[in-house]
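Just below is one structure, and these are the notes that go with it.
Letters A, B, C and D name the chains as they come in the text, with residue numbers starting at 1 for each one.
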Amino acid sequence: MGGFFGVVSKSDCVMDLFYGTDYHSHLGTMRGGLAVRNLSSYTRFIHDITNAQFRSKFEDDITKMRGNSGIGVISDYESQPLIIGSHLGVYAIVTVGVIKNAEELANRTFEKKTTHFSQMSGGEINPTELVATIINQGASFEDGIQKAQDTIEGSCSLLILTAEGIYAARDKFGRTPVVIGRKDGTRAASLETCAFPNLHFEIEKYLGPGEVVRITEGGIEQLVPPRETMRICGFLWVYYGYPASNYEGINVEDTRNRCGEMLAKKDDVSVDLVAGIPDSGTGHAIGYANEAGIPFRRPFVKYTPTWPRSFMPQVQETRDLVAKMKLIPIRELIEGSRLLFCEDSIVRGTQLKDTIKRLYDFGAKEVHMRPACPPLVYGCKFLNFSRSRSELDLAARTAIKELEGSADRFLDEYATRGSEKNRAMVERIRRRLGLTSLKYQELDDLVKAIGLPKERLCTYCWDAVG
Amino acid sequence: MGGFFGVVSKSDCVMDLFYGTDYHSHLGTMRGGLAVRNLSSYTRFIHDITNAQFRSKFEDDITKMRGNSGIGVISDYESQPLIIGSHLGVYAIVTVGVIKNAEELANRTFEKKTTHFSQMSGGEINPTELVATIINQGASFEDGIQKAQDTIEGSCSLLILTAEGIYAARDKFGRTPVVIGRKDGTRAASLETCAFPNLHFEIEKYLGPGEVVRITEGGIEQLVPPRETMRICGFLWVYYGYPASNYEGINVEDTRNRCGEMLAKKDDVSVDLVAGIPDSGTGHAIGYANEAGIPFRRPFVKYTPTWPRSFMPQVQETRDLVAKMKLIPIRELIEGSRLLFCEDSIVRGTQLKDTIKRLYDFGAKEVHMRPACPPLVYGCKFLNFSRSRSELDLAARTAIKELEGSADRFLDEYATRGSEKNRAMVERIRRRLGLTSLKYQELDDLVKAIGLPKERLCTYCWDAVG
Amino acid sequence: MGGFFGVVSKSDCVMDLFYGTDYHSHLGTMRGGLAVRNLSSYTRFIHDITNAQFRSKFEDDITKMRGNSGIGVISDYESQPLIIGSHLGVYAIVTVGVIKNAEELANRTFEKKTTHFSQMSGGEINPTELVATIINQGASFEDGIQKAQDTIEGSCSLLILTAEGIYAARDKFGRTPVVIGRKDGTRAASLETCAFPNLHFEIEKYLGPGEVVRITEGGIEQLVPPRETMRICGFLWVYYGYPASNYEGINVEDTRNRCGEMLAKKDDVSVDLVAGIPDSGTGHAIGYANEAGIPFRRPFVKYTPTWPRSFMPQVQETRDLVAKMKLIPIRELIEGSRLLFCEDSIVRGTQLKDTIKRLYDFGAKEVHMRPACPPLVYGCKFLNFSRSRSELDLAARTAIKELEGSADRFLDEYATRGSEKNRAMVERIRRRLGLTSLKYQELDDLVKAIGLPKERLCTYCWDAVG
Amino acid sequence: MGGFFGVVSKSDCVMDLFYGTDYHSHLGTMRGGLAVRNLSSYTRFIHDITNAQFRSKFEDDITKMRGNSGIGVISDYESQPLIIGSHLGVYAIVTVGVIKNAEELANRTFEKKTTHFSQMSGGEINPTELVATIINQGASFEDGIQKAQDTIEGSCSLLILTAEGIYAARDKFGRTPVVIGRKDGTRAASLETCAFPNLHFEIEKYLGPGEVVRITEGGIEQLVPPRETMRICGFLWVYYGYPASNYEGINVEDTRNRCGEMLAKKDDVSVDLVAGIPDSGTGHAIGYANEAGIPFRRPFVKYTPTWPRSFMPQVQETRDLVAKMKLIPIRELIEGSRLLFCEDSIVRGTQLKDTIKRLYDFGAKEVHMRPACPPLVYGCKFLNFSRSRSELDLAARTAIKELEGSADRFLDEYATRGSEKNRAMVERIRRRLGLTSLKYQELDDLVKAIGLPKERLCTYCWDAVG
């Protein structure tokens, strides 16, 4: 994924920029970057955050930064922000999203023989530079941004830092959020609203799909109105959004609590305690426990001091190590107990299988699993939150492959709740994970828990409607 | 405080040492260190961990380390481990504790005119070097360790890495724990047992007060038997121990749940939800909610990705910043609600006051506070977990000062539950914090929740019995 | 200035690339960079070398580099090499030179609305990216390089690393050298030939002005033949080339010795010893002493261990500090002596003035100065070796200003050896520096010492013919 | 070897300390360190300088240092300065020298069972800590320093930074120099006087053998008078001292020039040019050329920008690489020429052999070698400038081994100038190196060139009188 934060102020913006960007750390593991504008020049720093936290990497830099406007990014892939010079002037840019047709777009621009890409690494084009290239073909920033939205397959939200303020644009289907916050003499644009409360921003406006605005310390100017169709990612609430964030006015923690309640209402299993697989399972489990009147407890405690991140690194080996080391089991709460766990979603299930095995090793009598959403049957093609994972590794697809001999047959039927094939698939997954019982959330209940009309949500990974 | 981990193995011990030490990161914020023994030589690395996590600082180093035995430390003050050469041979040493009479001990050794301290910084003696100096006066390690225990005022647990294995010693009153773990061909000594499960160690033995053992991959040799009197710090369970750890066989999370239950049993307030001030308040709150049948929810979410530590840095300014930035409020759960919070203990109350104010800013109707222990009336003189804080800053003492004109009068009476002075003090604190109601845990209930006889616990900060 | 080195080999080229680039360290003080090609991808590292030597900055990197071809650069200004993707494919590029009409060229490309620059810093375009932009407008590399040579005012030599070998191009007037070296299975392109002997390369070919070749491990392919007119910088031999380098087949040290001989032949001053102002004055002084039969000695010794560079940093304050600290006077050789110094050229004369004052402070009886070239009257406009220095700061121009009230009058006359104005100017400089006598080299003698026809040399700074 | 610099001033001393220490960079390759005293506390930094220059490593640190007195060190072995606390108070200490009986001294102190060493690395005691241990046994600093001088076999000069000024002590036989310099309100103690001129110090006093003084900004107090016997290392002038330094009032460059003159006076070889093997050979060669009236020239140029150090790293592999890369041959000066080289001393001769071979490869007709001192027959046992080299590797000893079958026979005879064995040994060395002729300096001439009575010099490596 990745996340960004931009700020324009009457006074120096560096501390707001620093902390505001830092509050997106859960969304990326590769690169962090900050750029500020001061008089007519830009100061920029980019660091590798693979092995260290954003804040520790930029602590020295911010003492050298000064300026009334700036943008920052936590990136899961490319180095950002870029400082670009073109006929539009000199500007800084950050983007979040995924460009499925990057190669085609690059080749198309090469045809004009006048463009190049200089931010290459290992032979690959920097996606943010590619976006800038398309924007530069426009007569103005808003014109160029629309060109980019029209030609990019995938999604692309972005911030552009200029002499005239910050251009903020949400991707054309609104798959990722962009929200404007305000405080005295200052405006900010953020992907996650959890960056706002501690910096004293109030939410001023949720950008609509494809909407483009220019923010200054004095106001918001709408340059391109929102499009009709919205398909915001439902998985933001279920899994990778931060509990303290709101999208379309709907809070994440609150939604997770409701997800858990929905699960509990349709459940009648008898257990000793309810728990969540941290981090995202916690909110769901609290809702379940409260609704069911069963004690919520923590048989696993996450070792946050040094395994803090909730978003997973891309390298599988590291992912597995993190998965193993970050959760510490507590025998006193496990031994002899019937446990019910809420989890965001069983993605591949390999780590979960190990986790469940450990519960039995520590003496669990029963282990029941209640994912907060239906089985993931289709891989995401709109965002890169699963960049390195193959669709075929999904627990559902593995089960389908075992049942059909091919992972690609009868997907619609398998995705249909209550169908025979769906039940067989869930039973396969249950057996593979060694669970006492496994019941997924129904899609309707999930949609209800979120509270938006289903046609405003992207539910592609569950029912291929995106 | 600080924490340590040591390991002796038939095979290379570096990965166990690295992760085992890392699981003590919540106990210190200043220095991390690792030393391994390989053939007849020692390899050691020490890093400043003020601005970065232990793991990221040592990732390169461990590729250069090799050895079957090693010790590691997270230190809140001095650089460790030290490699010491003396008539006992060459050894590495780590210590945890506080030496109240350091200057006197140093001057006493200076009288012999043959000793010096070389690990000085800013004119202060490195406490671990001071301990080594005393140990070197013994005929053997066990002899020297006993000399150290007999002369040091405060407390001192330690690990010594030698050619013959690791000497592990618990402080004479057992204020801090030292636990031996075992797995195939390997033994470990740890302050926190939460380091054991994910490295596959089973708890083999809890050292008794003043006990000294030598561990090798083959076994545990008792060199000095445990002393009679034990005064393990009760605050370990309430506040700074990790939920997944056990001391004297008693789990922290489980104890915190019981603390919450005790609070709920004596309470009858009518509220909409129960929550914990993270991190340590969470376990208490879960217990309260389950006992009271009131929903547990999270109106504050901790931003763990980059504000991960639970133990507080020593610099007040940084402490306040961390306190402010790490907790993000969720308006949806706060607005219009009657909230009951469990907290470990109100130490100074200044940050808590801000937190409570923010709850009202976000629309809370009522805020009730239930600390898991009685008011802290006496400052700790046995461990350095509050090194930089003055006793007079304690919320209870501030209240006493306001009531009496002096912070030092009638302390016993103020510490007595139910006395008039005690009630006045609690009321003062309540008013200062702006709470709807404030009820502290009774000491007897806390002792019951832990489950040890009161005379085995240090309860000094609550009733001056330590 | 800056310098570059490229290598194509049958086997891994990294060590040759590393040391070959390092041998250009005297030409730049800002950035160092290396790029290698391995299979179809590029690995690149760029570091700030302001405060540390090239080698120490890249020692770790080269362990991660592998490839049969690569290019490296010591840059006095921009970050290089760049990895560029365009319709010509993906390539790496380094350049040396100065682009006087950069802004005009950038604006011209902006007119097409499809190009951008992403390597910007503080609002300035990276000159190497600008060169790449122009090259990309060509149908092939050689076509694009010629376009660049035709449009750039100033000078630009470059190396381009591609799948088909390295394109090496010398600037159109040959102001800077590019030389091809060969050893078994390997070819290299270098600005300084002093990089060749210790890496066992033999000089294979000096590129002519504007010549473009493509080198592979198997051979040299001429793509663009050399142009007629050559104007190689005469100052290379006098000052900033390395003594062990050859340009157009003519060695630097040898030329400097001849310069000194020329000076001695026209001189009859009676002194006790001859010395050089290090570094470049040394070669001239040796020639003078040998010809004159006067002892060569070292009244100043350069502290090479930590003041190693001969090329000056751009910041004046640092320049002055370096100038002061790097030369240590030896009283035993100075006191009571009549000293004659050879110097490359009196540029501004401010540091030299201090140096001369110190000689008198240490007891010198007489101080005579013999610059190896005529007075610098015109500032260079073809290379950036004096990027930060104003033409008006030249010692000659300061003298002219004092004499005429303006630094811009009668320049031709002042530049004419033996004219009254010329004699007055030299006398001014002598008096300002506090010299016993001052005699500049005659331009004809300098040209004779170098040995090329005058029309093949750029002598612009002396007589405005370039 | 190593070198040190200390300064006491009325005002802040940090810049003098920084540059004064830096001017000892040619004497060590392992560790650099600085300590300043400010009010009652010490600030200290130590860095590994293996791969980077002293200055670049300490540039950040000095911005954090402040104080009126300080000491610094370039160390070829251990980490320094140490901050030591003992009955003498808290002080900082640096030492230069070698302790031959370190193990015995350590064991002797261990007998008292009260001392330890904490500055250990890989099982070895830090020599500076060992010296401090002995000093601490004294009733005062001067008493302790004398104890150290009396018990240490080898040599030990040192500086001690205290509240009462800096104690400076020269080793008991004065093998290494310690010199006091003065400027307004400031005093400095330095091993190399080349640190003085650019910091504006005048030489105030050369300490005598074993002399101990305490310097303050106000004066020099003699605490222990110099001893009678002096044995200052003659090799300081020949090889490792810096040309701009003076010892016992005698300048190095000047002495080297005289060495060359001595060689020339006894020589009658007919050659085309005279040259020095850089760095130390240069001064000798200049003297030879001037006396003989043969041109001095530079057929090898040292690449100082990144191969700056003259003192050799301890690792042989690195030594060989440095030796190869730092000197660049110039064909124009070599081809067809009869060359005479002056060199400090042929130590092992292996690198010299390669160098000579390269001269023939580049077309030299004849190569004559004139070392500035007699053959090194005995390995130094008083200083550690050859710590890692075996006595048996000396070129003379290798020749003896070939002639006698043992490297240890008839050493006195071989060391006797003009003896048949001496002539045979020199002829062996000449043949092994491939020289046209080889003539060593006579010891009497060397002594004359230095100018001290022979009994004041250590000439151990040449005639076993030390």
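Following the convention adopted for this analysis, contacts are C-beta pairs under 8 Å (C-beta built on N, C-alpha and C of every residue); 3 or more make two chains touch, one makes a residue touch a chain.
All values reported here derive from a predicted model rather than from experimental measurement.
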{"item": "Any chain that touches chain B and chain A", "value": "none"}
{"item": "Furthest chain, CA centroid comparison against chain A", "value": "D"}
{"item": "Inter-centroid spacing, chain D versus chain A (mean Cα positions, whole Å)", "value": "63"}
{"item": "Where chain B and chain D are represented by their mean Cα positions, the distance between them in whole Å", "value": "52"}
{"item": "CA centroid of chain C to CA centroid of chain D, Å", "value": "35"}
{"item": "Chain pairs in mutual contact under the definition given at the outset", "value": "A-B, A-C, B-D, C-D"}
{"item": "Complex contact set, residues of chain A against chain B", "value": "19, 22-23, 25-26, 51-56, 59, 194, 197-198, 242-244, 246, 251, 253-254, 257, 279, 282-283, 286, 289-290, 293, 295-298, 301-306, 308-311, 324-325, 327-333, 362"}
{"item": "Chain C to chain A touching residues, read off their complex", "value": "40-44, 82-87, 90, 106, 109-123, 125-126, 129, 132-133, 136-137, 139"}
